[in-house]
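Pasting the structures in now, so scroll down.
In the two complexes below, subunit A is the common chain; its partner is subunit B in one and subunit C in the other.
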Partner chain A sequence: MIAEFGHFALVLAFCLALVQVGAPLFGLARTQPRINELAAPAALTQFLCVALAFAALTISFAVSDFSVSLVANNSHTDKPLIYKISGVWGNHEGSMLLWVLILSGFGAAVAYGARRLPEALKVRTLVVMGAVGAVFLAFVLFTSNPFLRLDPAPFQGAGLNPILQDPALALHPPLLYVGYVGLSVAFAFAVAALWLGEVDAAWARFVRPWILVSWSALTIGIALGSWWAYYELGWGGWWFWDPVENASLMPWLIATALLHSAIVTERREGLKAWTVLLAMAAFAFSLLGTFLVRSGVLTSVHAFANDPARGVFILAILAVTVGGSFALFAWRAPLLKSGAVFAPVSREAALLWNNLFLTVATATVLIGTLYPLVLEALTGELISVGPPYFNTTVLPLAVPLLLAVPFGPLLAWKRGDLLAASRNLITVTGMTIAVMVIAYTFMGAHEGFAFLGIGLGAWLFMGAVKDLYERLQLARIPLAKSVKRALGLPRAAYGTALAHAGLGLLVVGVASAGSLRADRVEALAPGQSLAIAGYEVRLETTGSYEGPNYWSVYGDFSVLTAGRVIDRVRAERRSYPTEAQGTSEVGLHASLWGDLYVVLGEQQADGVSWAVTAAIHPFVRWIWFGAGLMTLGGLLSLSDGRFRVGAPRRARKKPGGAAASEGPA
Partner chain B sequence: MIRVLAVLFLAFLTAPALAVEPGEALGDPTEEARARALMAEIRCLVCQAESVEASPAPFAAEVRALVREQVAAGRSDGEIKRFLTDRYGEEILYRPPLSERTWVLWLGPFIILILGGAIVAIVLARARGDVPADELSQDEETRLAEALKKPGETRNGRA
Partner chain C sequence: MRRRDRRFILIGVAGLTLVLAAALILTALSQRITYFYGPSDLVALDAPPEGAVRLGGLVEEGSVVRGQGLAVRFSVTDNAASVPVTFEGTLPDLFSERQGVVIEGTMGQDGVFEAHEVLAKHDETYMPREVVEALQRSGEWRGPIPSDAPPESEGP
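Coming up: the complex of A and B.
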């Protein structure tokens, strides 16, 4: 009954989405604004209906109603409640329902949250969001219905892949979806703007919070996924350039570009057409990611061909979205005249530089991800494009981009002074060189990649500190005045500095952990130890226990330095009888400078000793710590009062369009 | 009892565990480093998106043994790669060699960078006002004349 109720709510939501699209279209055509007013309540009730459907599915999972086919295939009575609930989106149908839930939630937020949104823009945005919602609801209802029944109901469910039974991975998909769907709001705003033929600073200000929400969610979502891979897959890898990862990286790169180009549109009314184009491209990349992950095309072109219903549906959505929005762009973009005049050295130009490298990097990831698929489809030939390709193409593109970051915030709008900015960065340069010298004394230059990465990271971090230092005019004006400035500084300025500093830490982590990793594998009996990088890892005892839905064999280890025990870690191997799969729970001795990573392997033929791997991952935590800071920076910018007020300040009408020069980058 | 059962389960369940087993590594550290670098570029064909260096699958273990054997025998990287592609096809290499089938893959990013750079250059030139504007329209002429009559009044508040 609950499942049918959910199904019914979903059908109702689909109808309401059609009302959200149809009523304003009719109203606009007949110029009857009262009919337009239907859009907002339609968006809200649509959200409530989807929320009911989602609740119905969650209840079915929580009470293990195995007469619902999806629950039977993905859940089990022995599973802890949190994983019964996260199992709702641990599968195709449920995750698409979550997608629609977030989409309709954002639709309701646009309808009722953004009070100051001009009516004309709001109605059109809601129409586009309603159309996206209707299409995805149709996708769920017709190809991926989560409420299908099973008769007779099985006595027990098939369980959830044990490597997915993890707190980080329970949160990873919802966060990514918030990111993807947030980009659909930016898309809706972009299409609405083209429809109106008008993009101004106010538009950029309305769309910016959505870009920030989605960028922050994507950043932390991708970071969580990578953190999960690091400790769960059992060998310490955290980024694989796997197509599924690339599918989330591409929207992130484009969202980062969009975040920066929207600043130019907001502050200087420049790059209007480009910002609109990026907003549409960002959503197209989200859809492409959804297609890659959800269609089965990645497993093989043939797997896709065998069951093409879903893939073809998403491909059709993608084709219509891309084709339609680019046609609309070609038709309407000439209306968007950017009046902004700026010199080749200016903050606008720096942001353009940022956009150039980010979009080329996105294109490169796209080529590398799709090439093998296209080649196989066209010629039947199989090739693999893996980490070596992306490392040799994308990483060099990152260098000029990262080098330029500290300059951006120091350059003035319209006409910057590169020489003055360079002079401002002298201390930063000095500190960067100092850091590189220290790195050199510790590891020598033969680890070129790590060495350069540490230098770049230091440059970014100090550059961000310097940015704040300049804004507060520390040491130049009395401290009390600096404090006053600090209080008056927009939160977005702190957000920028925090995100750039976080990026610096992330770069240090990526470069070091990527190339300074070391490991050792030995067969150890209890009491024996192995040595790695100044640590001694001693296997103390082994044992076993029974978990809620798994068996565990574990090894308890002592970590020693200079003969003293500094930590005890447990490495486990779990086996899940229901799913007939195993997982490895690594033992981690974590520190700021690097992780000691202990994995328990197979029992050896002698019956007493076990294969044990100990690995050192230098600075690896900085990756996630940096990503966390970036996310905080995004959220801090989001909390900036200017977006909450979000008023279209028509009063500021000026022929030159020159805005105040103080502001965030 | 639990222990027996657990060991039994472990015996026939494939747990993601160690990519390298004890005793697998080569004695010579430079040779081992070369072997590891090679393995990172070889795809485990039975896995999803994993190199043979990282994968716990038996296939990966076999390929690792092959690579180490050949490195120890003094074969060059190119020879070892050729040996593997002859046996398993091009698919096994994570870095597809430049050929008439892969030139778009390898040169595409550079072409896009050059095109993008050209577009940025044009945008910069336009934004600078270098591109000569078309003749002013009648309306613009009058507005210009008006603006020139009252200098400073319409442009106040500039940063």
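Coming up: the complex of A and C.
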């Protein structure tokens, strides 16, 4: 009954989405604004209907209603409640429903959240969002209905893939979807702006919160996925350049570019057409990601069900969206007149530099991801494009981009002084060199990439500190005045500095964990130990126990340095009988400077010893800590008063030139 | 500086970056890709391929032999041809006989494939598409493409 109710609510939501598109189109054609007013309530009720449907599916999962096919295939009565609930989006159909839920929620937020949104822009944005919603609801209803029944109902479900039964992975998909779907809001705004033929600073101010929401969610979502891969897959990898990871990285890169170009549009009314184009491209990339993940065209550890009908449907959505929006762009973009002129050295140019490298990097990732598909279609040859390709193409492009970051905030709008900015960065340069010398003496030159990467990270981090230092004019004016400036500084300025500092930490983590990792594999009997990087890892005992829905064999290890026990860790091998599958739970001795990572392998033929892998991952935590800081920076910018939904003022011109150097980026 | 000069500088920088990126991509694509073979393809070659390649197929039943320490030998088959593999290290959780695997490594002159990495698979019902296709090519594929798709059900 509950499932039928959910199905019905979903059909109703689809009809409401059609109303949200149709009514304003009719109203605009007949110039009857009263009809346009239907769009907002349609968006809200559509959201309520999808929420009801989602609740119905969640209840079916929570009470283990195995007469619902999706529940029977993805759940089990023995599973802890939290994983019964996260199981709702641990599969194709349920995750599409979550996608539609977020989409309709954002639609309702646009309809009722932003009261000052000009009516003409709002109606058009809602039409586009309604169209996107209708298409995805149709996709769910016609190809991926989560409410299909099973007759007869089985007594027990098939369970959820055990490696997905994890807190980080329960949150990873919803966050990514918030990111992807947030980009669809930016897309809707971009199409609406082209439709109106008008982009101004106010438009950018309405869009930026959505870009910030999706960028922050994508950042933390990708980071959680990488963190999960690190501790769950049992070999300490945190980024694989897997096609599906690339599918989430490309929207992130474009969203990052969009985040920066929208600043130029908001502050200087420049790069209008470019910002609109990026907003459309960002959504196109999130659709492409959806297609790659869900159509089965890719070989990937993440691959979802490969049902050709779904692939064709998403490909059709992608074709219509990309074709339609880019045709609209070609037709209407000439109407967008960018007023602002700027010198090749200026804040605008720095942001453009950022955009250039981010979009080119996206293109290289795109080519690497699609090349195997194209080659196979053309020649039948099977190849895999893996880390060697991406490392040799993306890293060289990242370096000039990252080197330029600290300059950006120090350059003035319109015409900047590169020499003055360089002079400003002399201390930062000195400290960077010092860090590199220290890193070099500790690690030596055998891994050149590591100490250069650490230097780059330090440069970014200290550049961000210097940015704040300059804004507060510390040590140049009395401290009390600096404090006053600190209180008056817009939150977006702190957000920028925090995000750039986080990026620096992330770069340090990637450079050192990526190239300084060391590991040892040995067969150990209880009482024996292996030595790695100054640590001694001793296998103390082994044993087994029964968990709620798995069996575990574990090894207890002592971690020693200089003969003293400093930590005890447990590494487990779990087997899940329902799913006929095993997982590794690694033992981690974690510290700021690096992780000692212990994996229990298989029992050896002698019956007493076990294969044990111990690995050192230097600075690996900095990757996720940095990503966390970047997310916080995004959220801090989001909380900036200027973006408070409903409060923006139209194209406020700041008096005088002082505004230029004060401007948060 | 005139407007035209500014535009020229911007376009110049962008063009240079694009050229650089294109050069990087082309070199990387010609040197940094890994070819994929099924056991039959690999055996049919006149000489073993240079550098690292991937080999995909099924772990042959009864072929897994554990040696000294962490060394392990097994064969990868598509039921038409079979390639012996040596590996030293810990195998992924899902490694077992009759399961699909993808292995990265080099093919020795002696016809033994030395594995550097046995790629972890996430799901016991999931089989790499390349493996399915390699099996189809050798005519040994039986049954539909496996996936973690729920079976189609008749429901209201």
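Following the convention adopted for this analysis, the second predicted complex is superposed on the first by the 640 of 665 C-alpha atoms of A that agree within 3 Å, B and C clash if a C-alpha of one lies under 4 Å from a C-alpha of the other, contacts with A are read in each partner's own complex, and residues count from 1 in each chain.
Following the convention adopted for this analysis, a contact is a pair of C-beta atoms (placed from the backbone, for glycine too) under 8 Å apart; a residue touches a chain by one contact, two chains touch by 3 or more.
This one's a predicted model, so the numbers in the text were calculated from it and none came from an experiment.
Partners subunit B and subunit C, brought together by superposition on subunit A, clash. Judged by the touch definition given at the top, the superposed model places A:Leu148 against subunit C, while subunit B stays out of reach. Of the two partner chains placed by superposition, only subunit B is touched by A:Gly270; subunit C is not.
When the two complexes are overlaid on their common chain A, residue A:Leu137 makes contact with neither subunit B nor subunit C.
When both complexes are overlaid on chain A, the residue A:Pro243 reaches subunit B alone and has no touch with subunit C. In the superposed model, A:Leu506 lies in contact with neither subunit B nor subunit C. Of the two partner chains placed around the shared chain by superposition, neither subunit B nor subunit C is touched by A:Ala614. In the superposition on chain A, contact is made by A:Pro388 with both subunit B and subunit C. Once chain A of one complex is fitted onto chain A of the other, the partner contacts of A:Ala493 are absent, as it touches neither subunit B nor subunit C. Once chain A of one complex is fitted onto chain A of the other, the partner contacts of A:Thr583 extend to both subunit B and subunit C.
Judged by the document's definition of touching, subunit A residues 163, 233-235, 299, 341-344, 349, 352-353, 356, 360, 363-364, 367-368, 371, 381-386, 388-389, 392-393, 397, 521-523, 573, 580-584, 599, 601-602, 604, 611, 613 lie at the interface with subunit B and also at the interface with subunit C.
Remark: subunit B residues 2-3, 5-7, 9-10, 13-25, 40-41, 43, 48-51, 54, 56, 89-96, 101-102, 104-106, 108-109, 112-113, 116-117, 120, 123-124, 127-129, 147, 154-155, 157-159 touch subunit A in the complex. Subunit C meets subunit A in the complex at residues 1, 3, 6, 9-10, 13-14, 17-18, 20-21, 24-25, 27-29, 32-37, 54, 66, 69-70, 88-94, 120-124, 126, 128-130, 133, 145, 147-151, 153-156.
Across the complex, subunit A meets subunit C through its residues 4, 69-70, 72-74, 91-92, 147-151, 161, 163, 233-235, 296, 298-299, 301-307, 341-344, 349, 352-353, 356-357, 360, 363-364, 367-368, 371, 381-386, 388-389, 392-393, 396-397, 521-523, 573, 579-584, 599, 601-602, 604-605, 611, 613. On the subunit A side of its complex with subunit B, the touching residues are 163, 233-235, 237, 240-244, 270-271, 274, 299, 338, 340-344, 348-349, 352-353, 356, 359-360, 363-364, 367-368, 371, 375, 379, 381-389, 392-393, 397, 413, 519, 521-523, 543-546, 551-553, 573-575, 577, 580-584, 599-604, 611, 613, 654-656, 658-662.
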